[in-house]
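Following are the structures in question.
In what comes next, subunit A is part of two complexes: it sits with subunit B in the first one and with subunit C in the second one.
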Partner chain A sequence: MDNPLSIEPLFHIGPVPITQPVVVTWAIMLALGVFSFVATRHLRIIPTKTQTVLELFVSTIEGQVRDVMNGDPKPYRALIGTIFLFILVANWSSLIPGIEPPTAHIETDAALALIVFVAILWFGIGTRGIKGYLATFAEPTWVMIPLNIVEQITRTFSLIVRLFGNVMSGVFVISIVLSLAGLFVPIPLMALDLLTGAVQAYIFAILATVFIGAAVAETPSPKPQEDISQ
Partner chain B sequence: MTENLIEVASVLAAAIAVGLGSIGPALGEGRAVAAAMDAIARQPEAAGTLSRTLFVGLAMIETMAIYALVIALLVLFANPFV
Partner chain C sequence: MTIDWWTLGLQTVNVLILLWLLARFLFRPVAKIIAERQAAAHAALDEAEAAKVAAETARAEAEAAKQAVLSERAEKIAEVRKDAEVEKQRLMAELQAELDKARVQAKEDLARQSKAQEEALSEQAGVLAGDIAERLLARLPKEARIAGFIDGLVEAVGALPESTRTGIGLNGPVPLRAAQMPTEAEIAQLRDGLGKILGRAVEIEVTEAPELIAGLELDTATAIVRNHFRADLDRITAEVRKHD
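Let's look at the complex of A and B:
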C-alpha cells in the first residue's frame, strides 16, 4: 500500500527534487492567474456572461466575509477568495485522470495554514499595533496567557490536519475501492469526494476569516464566534 | 517474532484508534445537526446564518475524528518502533 505521508520525486532540477504536488500546484496557480488576468481585461458597466459569474463569485465571498466579521470585507477579500478558489480547484483537480490533489499531501496544507497564521499576525498587528495585539493574549486575565499561545498553535495545526485528513482519506478510499472493483463502483465515492472537497475549501476559508476576525475585532468581548476556536 | 508482534499490535492499535475515536464525533455531529434542523424548522429565515455556523461547528467536531485518523496513519506508516 502506498504511504500517504511520503512522496516520490518526479524529476530533479539540479539538486532540487520536484514532486507531483509541486507541479500540480504550479499548474493550478498558472491556470488561475491566467484565467483571472484574461477574464478581467474588458470589464464593462453592462456585464457579459463571464463577468456576471465573476461578480457573483466576488460578491458572495464579500457577503460571507462581511457576515462573519461584521465589518468592511475589502482588506480580506483577496486573501480569503484566493485561498478558497485555490483549495477548491486543488481538491477538484482529481477529476483529471492521473492527477492527485496537492492538498492530499501534508506539505501543501501546512503552507496554506502558515499563510493564514501569518495573515492573523499581520492583520492583528496592523489593526492594534504590536503592543495592543500582544495585550489580547492576556484576555480575560494574565492567567490565560499560556492557553492563548497554545490556542494559536493548535488552531493552525488543526487547519493543517483537517484539510489533509479529509482530502487524503478521500483519495485513499478511492484507490482502495479501485483496486477491489474497477468499473463504475468508485463513481459514487468520487462524487462524495467532490462534495467533501467543496465543503473543506469553504470551511478552510471561513475558519481563516473567523480567526482573522477574532484578531482584529474592535472590542475583545466574549463573542460566541470566538469560542469555537480550539 | 518480536518485530512481527509490533506490526500486529500496530494494525490493532490503528483499528482501535479510528473505531473508538469516531464514536464521540459521530454522536456530537448528530446532536449538532439535529439542533440545527430544529432551529431551521422554527425559523426558516435564519437558515443562511445557521448553516454557516453549523458547517464551522461540524468542522471543529470532525477534527477530533481526523486526529484519530492521523494517529492511525502515524502508527501504520511512520511507526518509530518498527
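Let's look at the complex of A and C:
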C-alpha cells in the first residue's frame, strides 16, 4: 500500500509535476463545468426536473448563507456553493474504482483552506476597510490581538486537518479492509464514507460561511454611557 | 509527510477556475431564473391584486347600481300603489255613486211597481167587489134595483143648490139612466118625488144602463146626480186608494 501522506507525480508538464489529485480535479472541473453549461442552457420560468434540482441546490445554499450571515447571500453564493459542490463530488469520486479523492491529499484541502482564508480577508477588508478589519483583532481588548491572530491561522489549519483526516482515513480504512477481506466486505464502509464525505463537505462549507460571516459582521455599537454623576 | 507545493498551487488555481466556471455557468443563471420567476410571480400577484381590486370595484359599482335599481323600483312601486289607491278611491266613489243611484232608481222602481201593483190590486178589488155586489144583487128581486133608489135620488136632488135645482127639466125631459128599465109605477113615483122637490112637474127620459148595477143616475145640463152601486163602488175604491 502506498503511503497516503505521500504523493507521486503522474507526469510532468515542463517542470510542473502533475499528480493524481490534480488530474482528478481537472476531471471534476470538466464534469461540473460541462454539466453546468448543459443544464443551464435552456432555463425556463416553468422548470424541468433537472432545473428544479439545480434551483433547489442554489436556493438551499443561499438559505444557509442567509441564515448564518443574516445578510444578502449573493456575494458569497458562488464561493460557498463551489466549495461545497467540489468537496462533495471529490469525496464521492472514491466510488469510481481506482480513483482516489483529491481531498484525501492535504494539498487539495490546503488549497481550499487557503482560498477560504483569502476570502475571509477579502470580504472582511472589503466590508470594513483595512483599519476596520484590523481593529477586529483588538476585540474585545488589545490584549486579545495575539490570540486572535493565532485563531485566524489555527482555524484555517483546522479546516485542512479536519477534511484531510476524515477523507484520508476513510480511504485508508477502505483500502486496508479491501486488501484483507473480499470484494463486497468494504461496501458498508464505502456507504459510511459517502455519508462522511457529504457531512464533511457541509461542515467545510458552513465553517467557511461562519468565518466569512464573522469577518463581515457588523460590530455592535457600544451603548451610550449614562451620566452617573448625579 | 511532505507537501507538494506544485500540487497545492495547481489545486488552488483549479478551485479558483472551478469557482469562476460554476459562478458563470451555474449559480448566476440559476439565481437569475429564480429571480425572474419571483419577479413574474410578484407581477402575477400584483396583476391578480389589481384584478381583485378592479373586481371589487366593479362589484361595488354593481351593488350600488343594484341598490339604485331597487330604490327606483321601490319608488315606482310606491308611486304605482299611490296611483292605484287614488284610482281605486275614484272607482269606489264612482261605484258608490252608481250604487246609490241604482239603489234610488230601484227604490223608485220598486215604489212605482208597488204602487202599480196596489193600483192593479185595488182595481181588481173594485172589480171583484163589483162582481160580488152584482152577484149578491142578482139574488135580489129586479124591482129592488130601482125602487130602493128612488127616494135617495129625490133627496139628493133636493140637496142641490136652488139655482142648480131650478135648471133641471126646464129645457125638456130629464135624462135618467137606470140599471134596468123601471116599471111605470116606479117612473110615476120618481116623477112625483121630483115634482115635489122641484115644485113643478117634470118629464123623464129613461135610458137603460146595466153598468150601474143597481140604482139611478140623473144627467142634466147643470148637474149629474148619481144614486147607484157603480158610483158607490167607485167612491169606495177611491177612498181605499186615498187611505193607502
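As a working rule, the second predicted complex is superposed on the first by the 218 of 230 C-alpha atoms of A that agree within 3 Å, B and C clash if a C-alpha of one lies under 4 Å from a C-alpha of the other, contacts with A are read in each partner's own complex, and residues count from 1 in each chain.
Operating definition for what follows: contacts are C-beta pairs under 8 Å (C-beta built on N, C-alpha and C of every residue); 3 or more make two chains touch, one makes a residue touch a chain.
Fair warning: this is a prediction, and the values are worked out from it, not measured in the lab.
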- Task: Figure out whether A:L194 sits in contact with subunit B (first) or subunit C (second), or with both, or with neither.
- Result: neither
- Task: Pick one for A:L5: touches subunit B only (first), subunit C only (second), both, or neither.
- Result: both
- Query: So, does A:R77 touch the first partner subunit B, the second partner subunit C, both, or neither?
  - Reply: second
- Once the shared chain is lined up, is A:H105 touching subunit B (first), subunit C (second), both, or neither of them? second
- Task: Go through the superposed model and pick first if A:W26 touches only subunit B, second if only subunit C, both, or neither.
- Result: second
- Contact breadth on subunit A, by residue count: subunit C or subunit B: C
- Item | Touching partner for A:V173 - first (subunit B), second (subunit C), both, neither | neither
- Of the partners subunit B and subunit C, which touch A:L121 in the superposed model: first, second, both, neither? neither
- Note on the structure: Interface residues of subunit A shared by subunit B and subunit C, listed 5-6
- Item | List of subunit C residues in touch with subunit A within their complex | 1-4, 6-12, 14-19, 21-23, 25-34, 36-37, 40
- Residue ranges of subunit B touching subunit A (in the complex, touch as defined): 48-49, 52, 55-57, 59-60, 62-63, 66-67, 69-70, 73-74, 77-78
- In their shared complex, at which residues does subunit A touch subunit B? 3-6, 64, 67-68, 158, 161-162, 164-166, 169, 199, 202-203, 206-207, 210, 228, 230
- Query: Along subunit A, where are the residues that touch subunit C in the complex?
  - Reply: 5-7, 16-19, 21-22, 25-26, 28-29, 32-33, 36-37, 39-40, 43-45, 47, 51, 54-55, 57-59, 61-62, 74, 77-79, 81-83, 85-86, 102, 105-108, 110-112, 114-115
